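Note that the chains take the letters A, B, C and D in the order they are written out, and that residue 1 is the start of every chain.
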Amino acid sequence: MSEIENKTENGSTESAGECTTGDTKDDKGLGLGVIFFIVAFVGCFLSGTLLFPKLLYSKKEQPFNFDHALHVGEAGDCESCHSFREDGSFTGIPKLDTCLDCHSEEALGETDDEAVFVEEYVLEEKEVPWYVYSRQPDCVFFSHAAHTQTAGMDCVTCHGHIGESTSLKPYEENRITGYSRDIWGKNIFGIKKHSWDRMKMDDCAECHKKETGHKGYCFQCHK
Amino acid sequence: MDSALIPEGAKRCSFPKFAIGIAIVSAVVLWGVFAMFLCWFKGLNQTNMDDYYGFALWIWADLAVIAVGGGAFFTGLLRYIFKIDELKNIINFAVIIGFICYSSALLILAIDIGQPLRGWFIFWHANVHSMLTEVAFCLSAYFAVLTIEFIPNILENRQANKVPFFHHLAHNMHGVMAVFAATGAFLSFFHQGSLGGVAGVLYGRPFAVREGLLIWPWTFFLFTWSAAAFGPCFTLLVTKITETVTGKKLVKDNVVHLLAKISGWMIVTYIIAKIIDTIYWAMVTAPSLGFTLSHFYSNNGFYGYWILITEIVLCGVVPGAILIMKSTRENPTLRLVAIILGTIGICLNRWVMVLQIMAVPVMSFDTWALYFPSWQEIATTILPVAYGIILISVAYRYLPVFPQEQELNTIEPVSKTE
Amino acid sequence: MKQNNNKAHKFGMVIDLDKCTGCGSCMVSCMSENNVPFKEDESNKKDSITWMRVYKLTNGKSFPDTEIVYMPRPCQHCGGKGDHGHSPCVSVCPAVATDYGYDTGIVSQIYTRCFGCRYCMGACPYHARYFNWWDPKWPEGMENYLSPNVSPRMRGVVEKCSFCYHRYQAARDTAYYEGRDDIEEHEYQTACTTACPAGAIVFGDLNNPAHKVHQIVKPDPHPDPRNKHVVGKSRNPKVFRLLERLGTNPKVYYLSEREWVRKQGDNYLDGEWDKIKNHHGAASHG
Amino acid sequence: MKVDRRSFLGLGLGAVAGVAVSPIGMKLTDDSSIWTQNWPWTPVPVDGEVTYENSVCSLCPGSCGLSVRKIDDRPVKIEGLAEHPVNDGGACLHGIAGLQYLYDPARVKTPLKKNGDKFEEISWDDAIALVAGKLADLRKKGSPEKLACIADKEQGSVSGLFQRLLKTFGSPNFYTMPSLESYLEVTATALHGEGMTIGFDLENSDFVLSFGSGIIEGWGSPVNCFKANASRKARHAKLYQIESRLSNTAANADKWIPVKPGTEADLALGMCAVILKNNLFDGGATANFIGGFNKLAIMIQKEYAPSKTAEITGVKASDIEKIATLFAKAKMPVAVFGKGRGDGAQSLKELAAVHTLNCLVGNINKKGGAFVQLKSDYLEFPDESMDTIADAGFAKNKTGRYVNQLVEKVNESSKPVVEALFVYNANPCYSLHDSKSVKQAIGKIPFVVSFSSFLDETAKEADIVLPSHTFLERLEDVPSCAGLAKSVVGLTKPVIEPVFDTKHAGDAVILIAKALEGSIAESFEWETYDECLESVAAGIWDSLSEDGYAIISEGVPFGSVAVNVSFLADNPATVQARGDYELTLIPIDNMRLINAGIAASPFAIKTVSDKVLKGSDIVVEINPLTAKGLKDRGYATLTTPTDTARVMINLNEGMMPGVIGMVEGLGHTFDNKYVSNKGINVNDLIGPVIESGSGLDAAFGIKVKISKA
């Protein structure tokens, strides 16, 4: 210890003079320091929580508005448009010809959105470039059949009450990852209240653990 | 011009001279950094690694620097836990060397993985069965400890020390250092071990696989032991080099002799264990899988019995012997030979436990795979060395690394022999 | 999902080396099924990604007594020591980017989880794992033939044969949709199996006595008395596994009438082979 | 001063702390890793509905049934079609990799016109007009016979259209590339008479005696042969392979009989001698022999006594006796000919000698034997309308009997014997022997039109390229021309809209014909090829369009056939390899490569062993005894009478001493870095040797020397 003790003695004796004279300044400085600290802290925290998401996500409007509630009323349940194929695969967002089962060149209603739909897509025979809120990345394998057919789950569990919505919210895309904001969830802290607030792997795993007693193996959900 | 920073009463070369030296070494650092960025942006196709050599030069360098950095934890252990007081005169330096080795190890790992931006998955999605997970956790933790152990020494810089806050901080940290040393020793014990485990658990690779205790193969214990044994050799070697470069005596002989003696006995005990392990593996483990010892050391252009003998006899038994005998130990030349051999030995052991494993064919119809690193690999491997030199010179220049320095260099020639 | 947990499959393969012609159909079928990339020079086989690789074995005799046999080598989907699922590669992956499916016996992976430490490659004695040293690139327009059932891997991750797991998923989807709780043997066959012109590859559930692979292999449910780590040894004297003695417990079996071929399946000390070759499968407890 | 420092400290720490507790860190860490998982430059295949379409592969004469998996409109996978009469499920690597040809970098994307030594793009209309114009001039000059055409085969409607165009134009000069089918016909014609062909009942034979036929290396209809071979074990059938190299077939066979290269004919006759001497032949069968059976018998026993044959062939006399006896005594033996894939150089002596074995033991038109019958022609073209020019021109003699003689003539004569040349589905500049002189000949022809889908070696020499659809983009009838026991016609169907501005070669021909007007146009009354096919194949169209194939003949043909042995009875000389070095270089057929016009796909090349191709170096096989000083994996210089080449050495115990093997199918030079400029084309090294009497190029190899490089 001797070595260090010597030093510390030197140190204290040396700085003793300053310390006595400097005490008062110290406090002021400290006070100022604390204020600066708080200001900086609050500023950074708020910008990180409120401003950051605005920068992170780009807003995109859907080609035209779609009234789920109306269509559910007309067509029945989700499956009448979001259906399964013979081989058990899921069609997801319906293709134009599915719409044409009911729609035609003649508009069925008189909304401007349908007019857009008829003119720009039906007549042009173009597919509607919908933004998919719940699109999962390429590495994910998801079997709708396993969940809705076999496990008897409800669409709402993951997709929420979109079926009751009358208009489409703007699609928010993560500028870095290209993911839809719905995957991470609206809440930037990733806090969720409902099962459909978030669609990250942990949410799948959580439910799998509860329902099957196991989070599942890689290939069960990845390809 | 930087005299204000230089420890009081210490003589240092002129700043320009110092600057030039640093500049030269920095050039090497830049070269390594360039190679590093190539690997990050163009991918690992910049290396000569392939599907047979998933682990190559880098992993060896990693294991080697961690092994020789083991001097830090072991000296720390002796100094703070076993209260071997003389060692305080070399502990600072041991810590610095450890710090360099471990920061280098982490850097190399960051280059080595194919997806650096996902590297944190090793913590987030940790697999408790994987030795590598254990390595990652202990490595990072111990690096933190070393940093903490290093801080007080930095704070002892003349200017920093003027700030009462830093001054007291340094003082108090010295006080509690034993706790960190203990943690460090514990952590280090585990990751040195788990690095050995990395090879030992490969039951698909008869050259690597070892039986063991519970989940830990014998290589686990051998690695820890060897690090503790040869680490001090490296500490002494670097001290010797620094002394030669600075042309000053920095550590008293009794300290050196003590550490050398401890190292010597550790080496001897380790080498006995290693020999037993090798014999058991060659006589029992490998044959039970259908392999004779000759399979691992023939039919190829490089790996022969020479490597086994060099590692165990020339770079194990010999330095061990030299260092345990007072007469030879206290003979500077022989001691130097011993610590050099020892350092080579530990590096050779790590080489064998990484690259030869990859080289040995396992399927009866497979062939030996040999490999030579690309310049990018070499550059990134030299990078830590250059960085180490810089850090040591800076530390030596501005920090009171060697408590005995002044005493040894102010009092003219009289060099006492105890 | 539930019913798959309580009825565990053990998918495996047996390859008749006497039928194999070394034509390479299995390799190409695998590559085009699984979006495996290719590059200008693939002649360095140590950095060439082929989930299914066909090795050429010779009996080492000189002209005219030389013999050749071709040995296709997919991922062996090891069950690990004692077949407990601790495959050499799975047990070492630090980030659980590869794991053992206890419901299928298939060693599965998440390419996007893998951060490329390549420990698994060092652990695999079969060299069944491949690293993406390069970014996958296709000539202009050719990416149009990529299959959506398998995600293309990015540079810097390890990949390997998956026993065409996506085909299993597709078969199960159909079964779910039709309200069946399990799939038929023919519904799930790997790309190499269906491609083999010689019909040398048989794929199915080793746990299912009705499946052809089980009937050929006749796996021994009990540990090998001579090596407790080895489980599922074949009771067919002509069938062997690669490096069986290591206790990796592969699910890929090989069949050959030729003794020298069976002998090359593993490593033996001098004279050892003659002692144990006839014990092949004799370990069965009925 | 202190104040500042402390407040700055506070500011800094505050900022750090604030950011730390805000979600920025966590989110960015997560997102950055997600970014690496979805790099924009890593393609993401679009999902969609899965459908399957059946078609037939026409990459080789095998004509396997294919099942193409599609996602919406994108074909994503090709597999063998189950229950197809040819391949029943299996498929070879080239067919499976078919999609790579669709997007091949070397594809011709639109018609091309040679300008100087560069190609420029032109429209289809201009291209057709240009071709028609040139041809019209040729007719005006009154030399229509100077239009020649080289196609891959005689059979099939597209080939039919080309023949029809030449005929109505007034030229007899239609040639096909050598193929197993053509050799079968040559043999059948020589022994059994015009219009006959031969098939082998490998599925049922219990003793297959193969004279170097690569039964599992692409000979005949590959997948069909693979299956026949695979069923051997279960049928307790035997396969004996006579070959100078341990090929995969030899390795897979029950017995490998190494023979000096080029002496297969002598060995076959030697076996005939044994059979004759020991009265093992079928008396009934020999009754059908004409053209001097006795003369033959005497000659054979005199010239090919076992001891003598042993000397020539290097096969032990005892073995010759043993094998001949086994063959004769087998219940359903069959001797198979056509070295390698059967499409390389062959000598009629060898073909005839081997087939004589079949005739002697009387397995002609018996189960498990050789089937000899009339060529099946399922197409009925309406009669052409010929004008005087056409009649006159068509009546003239062909310039040469086979394509290699055409090349010879062109090169020899000073004035152009051929003014215009059509090339369809053929790549003579690559696959004919001494490709240099072939290029030279093509170069001498003033106007060359290529109908290739790819800018291959020959297309590069052409003046006009009229790019065809690949087999995945077109409709076409595909007869299996591969020595099968049954003859099947498959229907190739388009599984995707043409990727580029290409046309069906059939349509191109029809357009050219129409542009030529007059009687020629009259003979091509169809609007499109598809319409043409439906009408000319009317007889089998229903089953073609419904099942995707039609079986023309199946099972054992009825009746016996005459066997004319006059050619052999004169004991023609055995063809010798050119040159006087002491080693012999022979081509090797490797299933993973293609030696016909097209190159192997990137996938196929990827599967090729590094003992065949290393970087851009070709690897030759040589027995250690022959290699002398040369080291394995070392480099050497190979010197032939015509050329030298740098090669890598692979010491191979499966190679007969004194023989060097070089793989066929490498050394392509067209614009696809994945498959081109790898190794060398063995055909550059081997010069043709014309067999007197048959006129066939029978160069089985060439004499070489090898030295350290």
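Everything below uses one rule, namely that a residue touches a chain if its C-beta (ideal position, glycine included) is under 8 Å from a C-beta of that chain, and two chains touch if they have at least 3 such contacts.
Computed from a predicted structure; not experimentally measured.
Using the contact threshold fixed earlier, the set of chains in contact with both chain C and chain D is A, B. For this structure, the chains sharing the highest number of C-beta contacts are C-D. Distances between chain centres, each the mean of the C-alpha atoms, put D farthest from chain B. Separation between the centroids of chain A and chain B, computed from CA atoms only, is 46 Å.
In this assembly, the C-alpha centroid of chain A lies 39 Å from the C-alpha centroid of chain C. Chain A and chain D have Cα centroids separated by 57 Å. Here the spacing of chain B and chain D, counted between their Cα centres, is 62 Å. For chain A, residues touching at least two other chains, in rising order: 87, 89, 137-139.
Multi-chain contact residues, meaning those touching two or more other chains, occur in chain D at positions 32, 35-37, 44-45, 50.
Multi-chain contact residues of chain B (touching two or more other chains): 115, 118, 121. Interface residues of chain C, counted against chain B in their complex, comprise 44, 46-47, 55, 57, 71, 81, 86, 88, 91-97, 113-119, 121-127, 129-135, 155-158, 242-243, 245-248, 263-269, 272. Those residues of chain A lying in contact with chain C across their complex are 84, 86-89, 137-139, 141, 143, 145-146, 149-151, 208, 211-214, 216-220, 222-223. Residues of chain C touching chain D in their complex: 18-19, 21-25, 27-29, 31-33, 35, 38-45, 48, 50, 54, 56, 58, 61-64, 66-70, 112, 135-136, 138-148, 151-156, 170, 191, 194-200.
Interface of chain B with chain D (complex): residues 115, 117-118, 120-121. Residue ranges on chain D touching chain B, taken from their complex, read 29, 32-33, 35-37.
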